[in-house]
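Take a look at the structures below.
One chain, subunit A, appears in both complexes that follow, with subunit B as partner in the first and subunit C in the second.
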Partner chain A sequence: MSGAVAARGGAAADWGGFEDTMQAGGSSGSAVIDMENMDDTSGSSFEDMGEMHQRMKEEEEEEAEAAGGEEEDGEFLGMKGFRGQLGRQVADQMWQAGKRQASKAFSLYANIDILRPYFDVEPIQVRNRLLESMIPVKMINFPQKIAGELYGPLMLVFTLVAILLHGMKTSDTIIREGTLMGTAIGTCFGYWLGVSSFIYFLAYLCNAQITMVQMLSLLGYGLFGHCVTLFITYNIHFHSLFYVFWLGIGGLSTLRMVAVLVSRTVGHTQRLILCGTLSALHMLFLLYLHFAYHKVVEGILDTLEGPNVPPFQRVARDIPVVSSAVLNTTVKVMALTS
Partner chain B sequence: MAAAEGSGAGGAAKPLFAGLSDVSISEDIPVEGEITVPVGSRSPDEDYSTLDEPVRDTIMRDLKAVGKKFVHVMYPKKSSALLRDWDLWGPLVLCVSLALMLQGGSADSKEDGGPQFAEVFVIIWFGAVVITLNSKLLGGTISFFQSLCVLGYCVLPLTVAMLVCRLVLLAGSGTVSFIVRLIVVMAMFAWSTLASTAFLADSQPPNRKALVIYPIFLFYFVISWMILTFTAQ
Partner chain C sequence: MMQQQQPYTGQIYQPTQTYTPTTAQSFYGSNFEDEPPLLEELGINFDHIWQKTLTVLHPLKVADGSIMNETDLAGPMVFCLAFGATLLLAGKIQFGYVYGISAIGCLGMFCLLNLMSMTGVSFGCVASVLGYCLLPMILLSSFAVVFSLQGMMGVILTAGIIGWCSFSASKIFISALAMEGQQLLVAYPCALLYGVFALISVF
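After this line comes the complex of A and B, so read on.
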């Protein structure tokens, strides 16, 4: 029984080789039987062997996915080594190890409690942070505090999706290969996650003191200005109004993010790189959102392409310049007034 | 022993302990009776009999449960029937019917094709899952499927609104019909949001109710928007 005792006291690594061969169905591996570990004292009845074999088979299937990361030791216990009690203990241990691994993996990846601390907010805090996201801080010599919270940014991204949907519908945007909803969600989430990651990477290069969650939170709250601007300008179609909002509200939220980042970065070049990139991306995104899904764009595109031009022909056509200019202007006027 | 006590005490104070010897319990009579408490012991029988009952009975029972929940949604009182016995039949039926009615033309048509069946389906279920996760992360005590059940059943007023919109669109598609549709959809949207709030808000810590209500508001707003901007092909 010394073999069994040693096995019980040892780690799962001792049985790692066995599991590996069990998964392979015993077909691979050497035929060497480790005589030390055989249990000679227990009788081996046919019923025992049959039951053992059945349990082994069941555990094989379960272990196949759970024991993926097991070490591969050279130790091998032949199939004939499992008689009676030793076999049962081994099978038991395998089952326990497999179950432990599976539940560890499950609790690590499928546990939403990892995100729980980031959602620990009160409504009044969310409201304050929304308002503060439009107010640039003055003190940039002292690192500003950023709340690592994900509820506000997530809700703002979903609100932006809803506003974008509204804008796309009212401008009769035609999406050929894809859906309206898919495009809206893809754009907003792609911006939030993608630009956050990119700026975090730049911050890592420029030695800025900011974590990923803080960056996600900062950029998310910066989308509040975007939401307000787009909500107003998708309903009131004045170009000059949009530009005023773009500079005013977009500028304020960008200034806030830039000030917070500057307060956490040392060195002029680094500050310039980080903040220049962020402000460019943020402002350009607002510009893109306004113009990509706006009614007027359709009209402009039509006039730029001109009326249906027939393919190039060898016979020169005599089209007077004046009449085509008149045609273009008329179409432009009609598109703007329709 | 008791008889001896009784006779001894009887000698000392006769009027008080006169009948004490009559009260003693002899050891010859065994004490017997039933100690088990009847705990509705019909349930094992019921389990066996639901396998043998005709299919019609099973279906009618499920249909009645679904119908009862519909009634609870239309008249939202603070009852826990929706939460206790959750089921996803009602949400599935509502989601499929709404997606069928909202389905636009093919994507190749010149006008905006309108949301496709899969789009509406995915929006409703994905949105419900996100709201459920959000309410759980904010400290809610409701389970995943209970929340899905409530959110799915509260789509009923919006499905009714979609039916009404389609009928109104059959009549015409001018400004008047738009105003009628707008009023109907807004009323049903408010009804949906209030109904789901009545069921879900109780499971949240009291100071965070607003944080849970906002995503529900957004979810039903998106669905209402899809209904309102639906134009028949």
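After this line comes the complex of A and C, so read on.
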């Protein structure tokens, strides 16, 4: 059975993730995998996983009941004093069965060890990749290597969160529906995961040779330029400086990502679609981050600096309107009471 | 045939044994003289707490892996409360933020360290180490009570304290998990976490 699965795994590399899940499910002890069901072209083998789980659960329950039943029958003829202890033993067995099932489910679905190989890096590698993310490659005729690593990108996203938080705090931004931390984390992770998925989907449509982890890694390292730009421009407030950085640093990191994608895509239209979308999203994101999170500082600076600012103007209160309204209501009340 | 409790053999005093129980197995409540002292029962060992505090405060002191592997949450709880109290002195009632960020930060570091290390690490150990290394941040927030940290000197001091906290935390993690050569990789996420605490202190 495992040979057949491995052969199919070799033939369809893109479906590697699926195969792993099936193997993990198969090796976790259930002997009830039906090979015929795996040929089902309904598109998802998660239904089979669900079925298998249901069967496992039912088996466990039967076992537990049977064990409980046996115990009770065996000891029922014994002294009454043992009943309390029986109850405890049965409860204990049910607990054990439940715990076993929960840990099986946990190890099947929430196993973070799948991600372990992507975090196996040395500091020097991370540093080199950070620097390379700003250098566009020249050779686009054969596929460029992308490091499938998640430590660097994850740290860069968290750094961006920290920089955004710092920017929001220094500019006294007030977020009404939510918290500062939540907004920052939502923005950064939303961009990283969302845009990666979207570009991966486009890459699938345009037949580009890139996997999801590689896309996450590429976009994550592309955020290095954003971090540097925002760190400098949140502290030194010159619009022209920001535009220079936007074009220079943002442009360089976008060019690198674009060059890597171009090297992995065939066909002019496909290249254009993919790279156009990515560059637009990447550059616009930097623009958005700059303008959405430090407007308030700009406002304060203008009022502090301005010979152009008009002097504080007093607007006369419209007292007659108010007093006439009060007068009218008072009259009406008096009319009603009298 | 009662469910017997695990007999307590005084293992908390690793590596030095300064208390030897009178009997190898002791039943709680059976004998007044046989009961272990209250602090041992609660799991609070002042000597180890002091050792760990000194390890955090002296950046160049070598950390002892065996002491650091213990899960001791009494010290970290005290430090979190002290941090909240010093923030309170500065007029910021932010205990909730402190606890929330500690919990989320510990969870994040726990996942990251489990992924990066050969041997796994327990959540209690991570929480304990991160809690102890919060001590220099208490110095920062007590400084913020008297002086404002928003000038250039405040920035330098904050950066220094964040560096100190993350250096100690990474030093302890490296020694406890045997991850030589990856100290910078462990220090950086710690620095991000302590940076968030510093943001609370400064603003």
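In this text, the second predicted complex is superposed on the first by the 190 of 338 C-alpha atoms of A that agree within 3 Å, B and C clash if a C-alpha of one lies under 4 Å from a C-alpha of the other, contacts with A are read in each partner's own complex, and residues count from 1 in each chain.
Everything that follows uses one rule, which is that a contact is a pair of C-beta atoms (placed from the backbone, for glycine too) under 8 Å apart; a residue touches a chain by one contact, two chains touch by 3 or more.
Everything quoted here is computed from the prediction, not taken from an experiment.
Clashing of subunit B with subunit C is the outcome of superposition onto subunit A. By the document's definition of touching, of the two partners only subunit B reaches A:Gly182; subunit C does not.
Legend: residue contacts after superposition of the two complexes on their common chain; A:Asn328 is shown touching neither subunit B nor subunit C. Touch criterion not met for A:Thr277: it reaches neither subunit B nor subunit C. When both complexes are overlaid on chain A, the residue A:His166 reaches subunit B and subunit C alike. Within the superposed three-chain model, A:Gln144 lies out of touch with both subunit B and subunit C [touch as defined at top]. Residue contacts after overlaying the shared chain place A:Gln85 against subunit C, while subunit B stays out of touching range. Look at A:Phe158: by the touch rule set out above, it reaches both subunit B and subunit C. In the superposition on chain A, subunit A positions 112, 115-116, 119, 121-123, 126, 151, 155, 158-159, 162, 165-166, 169, 181 are in contact with subunit B in one complex as well as with subunit C in the other.
Touching subunit C in their complex are the following residues of subunit A: 85, 88, 112-113, 115-116, 119-123, 126, 151, 155, 158-159, 162, 165-166, 169-170, 181.
Every residue of subunit B that touches subunit A in the complex is listed here, in rising order: 107, 111-113, 115-116, 119, 122-123, 130, 133-134, 136-138, 207-208, 210-211, 214-215, 218, 221-222, 225, 229. Partner subunit A is touched in their complex by these residues of subunit C: 1, 3, 101, 111-112, 114-116, 181-182, 184-185, 188-189, 192, 195-196, 199, 202-203. The touching residues of subunit A, when paired with subunit B in their complex, are 112, 115-116, 119, 121-123, 126, 151, 154-155, 158-159, 162, 165-166, 169, 172-174, 176-177, 179-182.
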